[in-house]
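To keep things simple, chains are lettered A, B, C, D, E and F as they appear, and every chain counts its residues starting from 1.
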Amino acid sequence: MNRLRDSTRKKLTTVSVATLTTALFKRGLRNQFIQNVHPLNPDAGTMVGEAFTLRYIPAREDLNPITVFADREHPQRKAIEECPPGAVMVIDSRKNARAASAGSILIARLMKRGVAGIVTDGGFRDSPEIAKLAIPAYHRRPASPTNLTLHQAIDIDVPIGCGDAPVFPGDVIVGDAEGVVVLPTHLADELADEAVEMTAFEDFVRDEVMQGRSIFGLYPATDQRTLADFAAWRASKEKSK
Amino acid sequence: MNRLRDSTRKKLTTVSVATLTTALFKRGLRNQFIQNVHPLNPDAGTMVGEAFTLRYIPAREDLNPITVFADREHPQRKAIEECPPGAVMVIDSRKNARAASAGSILIARLMKRGVAGIVTDGGFRDSPEIAKLAIPAYHRRPASPTNLTLHQAIDIDVPIGCGDAPVFPGDVIVGDAEGVVVLPTHLADELADEAVEMTAFEDFVRDEVMQGRSIFGLYPATDQRTLADFAAWRASKEKSK
Amino acid sequence: MNRLRDSTRKKLTTVSVATLTTALFKRGLRNQFIQNVHPLNPDAGTMVGEAFTLRYIPAREDLNPITVFADREHPQRKAIEECPPGAVMVIDSRKNARAASAGSILIARLMKRGVAGIVTDGGFRDSPEIAKLAIPAYHRRPASPTNLTLHQAIDIDVPIGCGDAPVFPGDVIVGDAEGVVVLPTHLADELADEAVEMTAFEDFVRDEVMQGRSIFGLYPATDQRTLADFAAWRASKEKSK
Amino acid sequence: MNRLRDSTRKKLTTVSVATLTTALFKRGLRNQFIQNVHPLNPDAGTMVGEAFTLRYIPAREDLNPITVFADREHPQRKAIEECPPGAVMVIDSRKNARAASAGSILIARLMKRGVAGIVTDGGFRDSPEIAKLAIPAYHRRPASPTNLTLHQAIDIDVPIGCGDAPVFPGDVIVGDAEGVVVLPTHLADELADEAVEMTAFEDFVRDEVMQGRSIFGLYPATDQRTLADFAAWRASKEKSK
Amino acid sequence: MNRLRDSTRKKLTTVSVATLTTALFKRGLRNQFIQNVHPLNPDAGTMVGEAFTLRYIPAREDLNPITVFADREHPQRKAIEECPPGAVMVIDSRKNARAASAGSILIARLMKRGVAGIVTDGGFRDSPEIAKLAIPAYHRRPASPTNLTLHQAIDIDVPIGCGDAPVFPGDVIVGDAEGVVVLPTHLADELADEAVEMTAFEDFVRDEVMQGRSIFGLYPATDQRTLADFAAWRASKEKSK
Amino acid sequence: MNRLRDSTRKKLTTVSVATLTTALFKRGLRNQFIQNVHPLNPDAGTMVGEAFTLRYIPAREDLNPITVFADREHPQRKAIEECPPGAVMVIDSRKNARAASAGSILIARLMKRGVAGIVTDGGFRDSPEIAKLAIPAYHRRPASPTNLTLHQAIDIDVPIGCGDAPVFPGDVIVGDAEGVVVLPTHLADELADEAVEMTAFEDFVRDEVMQGRSIFGLYPATDQRTLADFAAWRASKEKSK
């Protein structure tokens, strides 16, 4: 597996999920945005890391008494202790937020272990406490009922669906205050580069728009002048650093 | 078309969307509330303006490469430059928030052009930035993927549906921290007048309730005394101005 | 009917809804969480009280002109004046948030009357004002249109469904910043006791996790040492009070 | 309560649910169609009868072991034995078809007791057998799991919602191969008369259309000639009887 | 606009909607299937024709009394008389089947006028009668309530969305017993040709599979032998005609 | 793994899915019914077999060109050739019926290979043809678009969710004209026995009800007499064989 390079990780913290979806769209990838998940702590900063996945299936009552968590091999608990530092745990909860995907204690443990973030297309319990932790966490909506009510953890680090997006172990997951996107591993470097460029240009456009310029010719840059202006803007930005 | 009068616009900024829906209900209009749209910036103040509409249909892939935005006649870009100052842009996104209806640059441009607000029954991208702009914006939920992923802009300023409400160009759109309502043009003046009166009465009721008065006889005012009390309350309010 | 004991009420204000759902799960009760309702004022503190219910059915237009509220026997208005102080009003709105279950004036009246909170599986209108009241209120999402648009109040204090949970009059309702749970009356005391114990243990676990301890053996407490450590932690907490 | 007159019952068996919804619409009643319920036995003929209602709430597990049906006072079983001959049983299943509202044995008993039909906005189990019974039955979709899995019968013959329509005990329920409509008791006679007239006219229109006539002027009858033609058509129909 | 050629029309009646979606998929078009519409009369044969569209928006009560149909310019009625023979009427009902998109009289008129079929992403009323007409009709589910309850016809022959698919006037609409697909005009000829070829090959595959052959190497035809076998099969089919 | 015994298989073909869900309910298993799947060929007889599963995740466009089916290791194609005779293939399509889970050629191949049936919580394409095959098939609704549009086959014979039910490889799957239920392997024998008994009793009850007997005391059998009558009924049935 390609490893996420430090330089790429750094670049990805400076761009938005929206910009990355556009770069993906240009490559024919239209379903990499994890639909309908929201940050519990939007000020936690951008989340970047390789996907480490956990798969749930519907819980069968006889297999899911409260006692199962005593087993160190239980996939949910094992995943919490095995998710690599720097990775993002992504949980396939079948978009079901009627019982919890995880709670604040497990997420605190992930945080302490250096995990970069956690995403479920279901819900977390203890959400007010999670919102105070210094680890980005994304879910659909709060879900107090205990995990075993509806979910049985079954697999670790297999390809999953999350919020209608495909997630392969090792894919690069990026989350910001708006949402979460999944970058195929082999594209992560070039997407990061392209997104950095797009972000610079859009910062320029934003400045121009705030000074009253029309979007025609500017965005996209169909006017000759626009690219020249951008170059000048960029140079002046560099200088003022 | 009736034009929205300045006096009516002013009155509408002082009443709530909830109060306006009651006034509409009394006239047999039950579906003028745009369902399930939420303000990105609830502190932006009340939004009032005539509807300028934009209609999307599902995107056909061959007609919607990223290059289409280079065309100045593209309806989305054209709408951004043509929406009249003081109007509210209302977008029919078929209640689909899986891709963006618009993003922060276009909305910043609307703001600079003096547009009064923007509403979609889909989602916006760059939502954290939009939340900081001084223009009211309403959507269902954040949607990072680029517009062309799912939407093709097809028509400007035709009657549309938005959040299950009918919206005709020129209808008066009012939004507050709770939601958005559509006032038929020919009723805007009388609805504004009635809502101002209702608001005064409800302010009085609220004061009474906070002092411990029962709602029986008070709300609605079936007790003789209530209207007399209201008159007195109003007079004292006037005086204290 | 069992009455909610003061000591139980007090204990319940110190535990979370999530913890209570686990205690219910251990007793085979999996559907006591009111799904998809959210606090308008998450800082209002924990809500505890016995359920006083209000049942709505779909509104038939001829039976629901605006004038019905003039009737003191109208179930909605009657419920507002009759809900006992210390109780929680729970409304069955059939999970329909397209028109309001109630608004700020009625909820202010409940607050003044000493009611402990209000829950609907529909929506409230005047939600920005409700958010400022010192009474916990939970709904699905804001709903400006007046109640009569879609709801007809039909029954007071009968068993209902709310957010897919069964609610019997007198059940103990607990709400926190995350959501709302329904405790069967006869279990309230023992659930409160158990939840207090669980909370103490989870506070200990959280402290340990924040100091870097693994969850294996700790949560659940399968290691001998864990319970000893917990006893020590507890003793030191007691001392430091 | 008004009783359903035999003559009205007879008339209602000759008209369609669609025609009745139009007659209701003219009186401002827009929500009397039970949404999304389908006949299991579309050839069973038109169902007409006064509503006898049964209300379910979500099942609490401890109150709903399989043994509850041994109790003759259990509302579901009681309803089956008490629903009057000629009436239609209407069940409020909260639009939840994940467990059964009833099964073939209970519905066979209703049939034998002379009940006119049964409607749920949930699902029936044993649906292939029900489809063979000579009693009209309507549901959303088949639902094998036993009733107690999700439903607790709580009330008999109270006002309910069914498929988003309000249903009051004694309302006249009419079902055909397309769906089910709820007629307010006090309007049943006049709706029946009007629908019979409308049906005659629409039969005429249909004949004309099948002979190639345009709908302009014909439907609605804005051409003078249309009403004359209708009178002639009707006279000839009478004669040929 | 390209006209649908007779030869293409003929070819399209011999292939399935499923096969056409595959041919579209190969060209990058993934959303041309009209989701969740079903034939009322699956034995009516394959429907082929150019799209003639009708657009509905949510009904505003004051604009939609029953009397509007008296107006010959009312878009719904006008569309019925103007839809060209051989065309397919496609209605954008915003996927709302709670009130009718049309009823049996209008559809009978379309049939008599030689229209090739009708599709709505809402519902039809009088569905049992429509099922007996010799014109293919597709909808989501039966909907008795009269059209004006929820829909206002607003536009004729503009681009629309129907069941999440984009439909442009003149697109070629094909429906079979399974569903409906939208072919972009400029691709209709080549899609028809390709689908005829694919159908021949799949008929061959089906014959082979029914004789016990494995799909490996056969479907797709990765074995050399498969294409040779297919050629032989085809030749023998030709001969036996 | 326990193997499904021939005697158990035989018994299961004589009982209904509804009866089995009741037997499961008595054991605390409430979620074993596969929700919202329907037989394409309800006359195909009861389906019984051990689960052989196939798991789909959302399709990533670059990994799912039409050419992937050329690979004999592609999990979907491999599953078709490897599913054991007598087994039931169960597909986790994430309840997404917007593209096909499989089509008629693959299902014909399963039939020829002696597979007992196929279930998806998505949709099948070529559904009219599948309906004519002599193999039970269950889906949510027809779905013409080719599989790769939305689904990527990823795993064979792992635990999955299907229609909100947990399915483990080797579980015993039973389907009738109403729906499909999942029996845990270790319970299959006893559930079959119990269901056979229940079916006999319910056949007796049905006979009694059709002769006019009340359900009180009869169903459930709380009257002494009922069990005696049942014994007599059973004896006479045996004799008449």
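Basically, a residue touches a chain if its C-beta (ideal position, glycine included) is under 8 Å from a C-beta of that chain, and two chains touch if they have at least 3 such contacts.
On a predicted model such as this, the values are computed, not experimentally measured, just so you know.
Note on connectivity: the fewest chain-to-chain touch steps from subunit B to subunit E number 1. Any chain bridging subunit D and subunit E, meaning touching each of them, is among F; the list is complete.
Counting every residue number used by either copy at the subunit A-subunit B contact, under half are found in both chains.
In whole angstrom, the spacing between the mean C-alpha positions of subunit A and subunit F is 38. Here the spacing of subunit B and subunit C, counted between their Cα centres, is 32 Å.
Chain centres here are Cα means. That of subunit C falls 40 Å from that of subunit F. Annotation for subunit F: residues touching 2 or more other chains are 28, 30. Arrangement of the chains shown, judged by which pairs touch: an irregular graph that fits none of the line, ring, star or complete shapes. Each chain pair that touches appears in this list: A-B, A-C, A-F, B-C, B-E, C-D, D-E, D-F, E-F.
The residues of subunit B lying in touch with subunit A in their complex are 66, 69-70, 72, 77, 80-81, 97-98, 100, 103-106, 108-109, 112, 125-128, 141-146, 148-149. Every residue of subunit B that touches subunit E in the complex is listed here, in rising order: 27-32, 57-62, 94, 152, 154-155, 158-161, 164-167, 184. For subunit A in complex with subunit B, the residues that touch the partner chain are 16-18, 20-22, 25-26, 30, 33, 35-36, 38, 42, 176-179, 181, 202, 205-206, 209-210, 212, 214-216, 219-220, 222.
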